[in-house]
Amino acid sequence: MALMKAIEYAQATPEVRAVYDEIMRTRNTDWINNFWKVLANDPALLRRIWENVRQVMAPGALDPLVKEMVYVAVSATNGCEYCTFSHTAGARSKGMSDAMFTELMAVVGLANETNRLANGLRIEVDPQFLPR
Amino acid sequence: MALMKAIEYAQATPEVRAVYDEIMRTRNTDWINNFWKVLANDPALLRRIWENVRQVMAPGALDPLVKEMVYVAVSATNGCEYCTFSHTAGARSKGMSDAMFTELMAVVGLANETNRLANGLRIEVDPQFLPR
Amino acid sequence: MALMKAIEYAQATPEVRAVYDEIMRTRNTDWINNFWKVLANDPALLRRIWENVRQVMAPGALDPLVKEMVYVAVSATNGCEYCTFSHTAGARSKGMSDAMFTELMAVVGLANETNRLANGLRIEVDPQFLPR
Amino acid sequence: MALMKAIEYAQATPEVRAVYDEIMRTRNTDWINNFWKVLANDPALLRRIWENVRQVMAPGALDPLVKEMVYVAVSATNGCEYCTFSHTAGARSKGMSDAMFTELMAVVGLANETNRLANGLRIEVDPQFLPR
Amino acid sequence: MALMKAIEYAQATPEVRAVYDEIMRTRNTDWINNFWKVLANDPALLRRIWENVRQVMAPGALDPLVKEMVYVAVSATNGCEYCTFSHTAGARSKGMSDAMFTELMAVVGLANETNRLANGLRIEVDPQFLPR
Amino acid sequence: MALMKAIEYAQATPEVRAVYDEIMRTRNTDWINNFWKVLANDPALLRRIWENVRQVMAPGALDPLVKEMVYVAVSATNGCEYCTFSHTAGARSKGMSDAMFTELMAVVGLANETNRLANGLRIEVDPQFLPR
């Protein structure tokens, strides 16, 4: 049970519905997931986060599927259950295969391991790695 | 100053040199970075971690550049200074442009933000996101 | 299911009951939450953590409601389900409104985002920010 | 040394200068800190993050000083050096005393401790804490 | 529900069964836990992680029980539910008593607290602590 | 530069000196490290944290060296530079050898890796791991 109630489309104000409509149009779906329905308790927060997601996740210098996999990598690192499920579904819908998913998890696991070896041994940055 | 000394090639045992040689050959470089030189205090640890990195970061279902960017994303999320510098350099050498790097950071930042919104509001996973 | 059983008041030793009584008196409630009932498996741990909570969360230079909201912010950042639920309830009982809660989450989300931008880009501390 | 160069006002494009001007006007200062100067490598990122900070940190249901202290709490929890220095300076400028700062740190420390006791013992959420 | 299905022994390929057999033989048990059954979707990942666990958790300079307790400490710090349950069970089977477990949690909690006091106050490392 | 000044013995109040004296007596040393000298800005915080450290790190069900190594494991996981240096020095003084240190790091790295595999794949806890 979330800490605030989910606002359904039928109960939403026109301001909230406008964001819901944009989400469904942009994603070409006919439903709204709980993340947005809970944010809708604060329409300004809903609008602001949606604008951020829309801009950041749009095609750009990186492929949308790569962005979704980076999102999964961060969510797995932070242990966010909701985000892991939702962005894995997002990556699947953009073409992530089983082999890509397990390989992604392998990279995430290894990075978390070597991050701690570097931090625990307090290894110094090589001058060669500094930007010129 | 790292918590253990860096083992230079000249002082290394044949067992350690063999790993150093593999690293330089695989990466087509003529130097060894501090991470490996500190791990070399424990040759079995050096060998094991190198084998893992070699296997996980090899081309597979994911592009090697994508893997390096995922590594940077995890390292930035964990605040690992060494790994952020070394894997950003790795991604640069594999073709990451300035635009790709700032876009990657944008995704990493946003994922860390929405991870906390989902966790802080304890949002429930939508049944639609569960695997079938 | 917790990893150790919850010790109910009826089964508790006098030493544990003394802490339970203090908690109920300090908080003006008639029940003990699971956190304390599980810590009670180690009466010295229960006593020590309770003394710390009592001292740190008492009115001081910061308002008790501000302290509860800081607690929620840290718990959301760490993804601690139990602490997010319990300290959100605590903040609610001290006067946190819906608007304060969503605004708190907005700050927590943003801080987690910019923390990663600063860490990922390895931004150097401006001399103006150093204490004099 | 940051991973991308800092863009000074004199070298900035009009688009970037417009954001710098807004930051200085909003904060009533005559300098720009490194965080923004590095984000300026990607003008859209600079503009987006600044808009978010401006909106989230404005006065609202929470006091601006409380928001800065929450920012410090999250930054300390995540170990972000840059953000800890910059937002502690921000909180100082808004009136945080020495006593308020050490008390804030005491709450942050305790929350991080009890978060791990709850997570490590896998304590179950009491039904009384669930929202009605 | 995990994001990939668990592969049971009866459905497993000979390659996967070989790892399952090694796990059961090494641990002297007659069942395989979900962690391995989900990794088995990617036989190379299963084999690699198992080899790592086998090597790292074997008796060496540290006692196997100490290693399991370190594993529990890290898992509690990261908030990993699965790992906390599985490695607490592992530590129990190697002799961890109730008193050892609650004392371990006390150390983990305290370390998480003082980590944030040190990071939040940006305390400088004393020269006496640097390795010679 | 820490965010608050270090309070030297010569400038300390009797209340602070009493804690410094206890620390030096308990640890059989003639100097005080920066952590305590910065906490001394808030004598109640200094006293409270010292009492906690003294109690938790005393011999008990776990060996003091094991406790110091658990402290190092948590500090490496959290990326706390100060705590990693200070508790590694503490563990060294209690007998941690080079081989024990690198083996400890191997366990910490592996635990961080498998924590993310379990969290990223959302693996379900086996009923066999639940306490009876």
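Chains: A, B, C, D, E and F, in written order; residue numbering restarts at 1 for each.
Throughout what follows, contacts are C-beta pairs under 8 Å (C-beta built on N, C-alpha and C of every residue); 3 or more make two chains touch, one makes a residue touch a chain.
Not measured: the values here are computed from a predicted model.
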By label, the chains that touch chain B as well as chain E are A, C, D, F
On a C-alpha centroid basis, what's the spacing between chain A and chain C, in Å? 27
Whole-Å distance, C-alpha centre of chain C to that of chain D, is 20
Return the residues of chain F touching two or more other chains; collapse runs of consecutive numbers into ranges. 1-4, 39, 48-49, 52, 56, 73, 75, 77-81, 84-85, 88, 99, 103, 105-106, 108-110, 112-115, 117, 119-122, 130
Among line, ring, star, complete and other, the chain touch graph is complete
Could you please specify the touching residues of chain B with respect to chain D in the complex? 79, 84-85, 88, 98-99, 101-103, 105-106, 109
Flag every residue of chain E that touches chain D in the complex, lowest number first. 72-73, 75-77, 79, 81, 84-85, 105, 108-110, 112-117, 119-122
Applying the document's contact rule, which stretches of chain D touch chain A when the two form their complex? 1-5, 44, 48, 52, 55-56, 130-131
Touching chain B in the complex, chain A uses residues 1-4, 31, 33-35, 38-39, 49, 52-53, 56-57, 60-62, 66-67, 69-71, 73-75, 77-78, 80-83, 85-89, 97, 99-100, 103-104, 106-108, 110-115, 117-126, 128-130
Would you pull the chain B residues touching chain F in the complex into a rising list? 3-4, 39, 41-42, 45, 48-49, 78-80
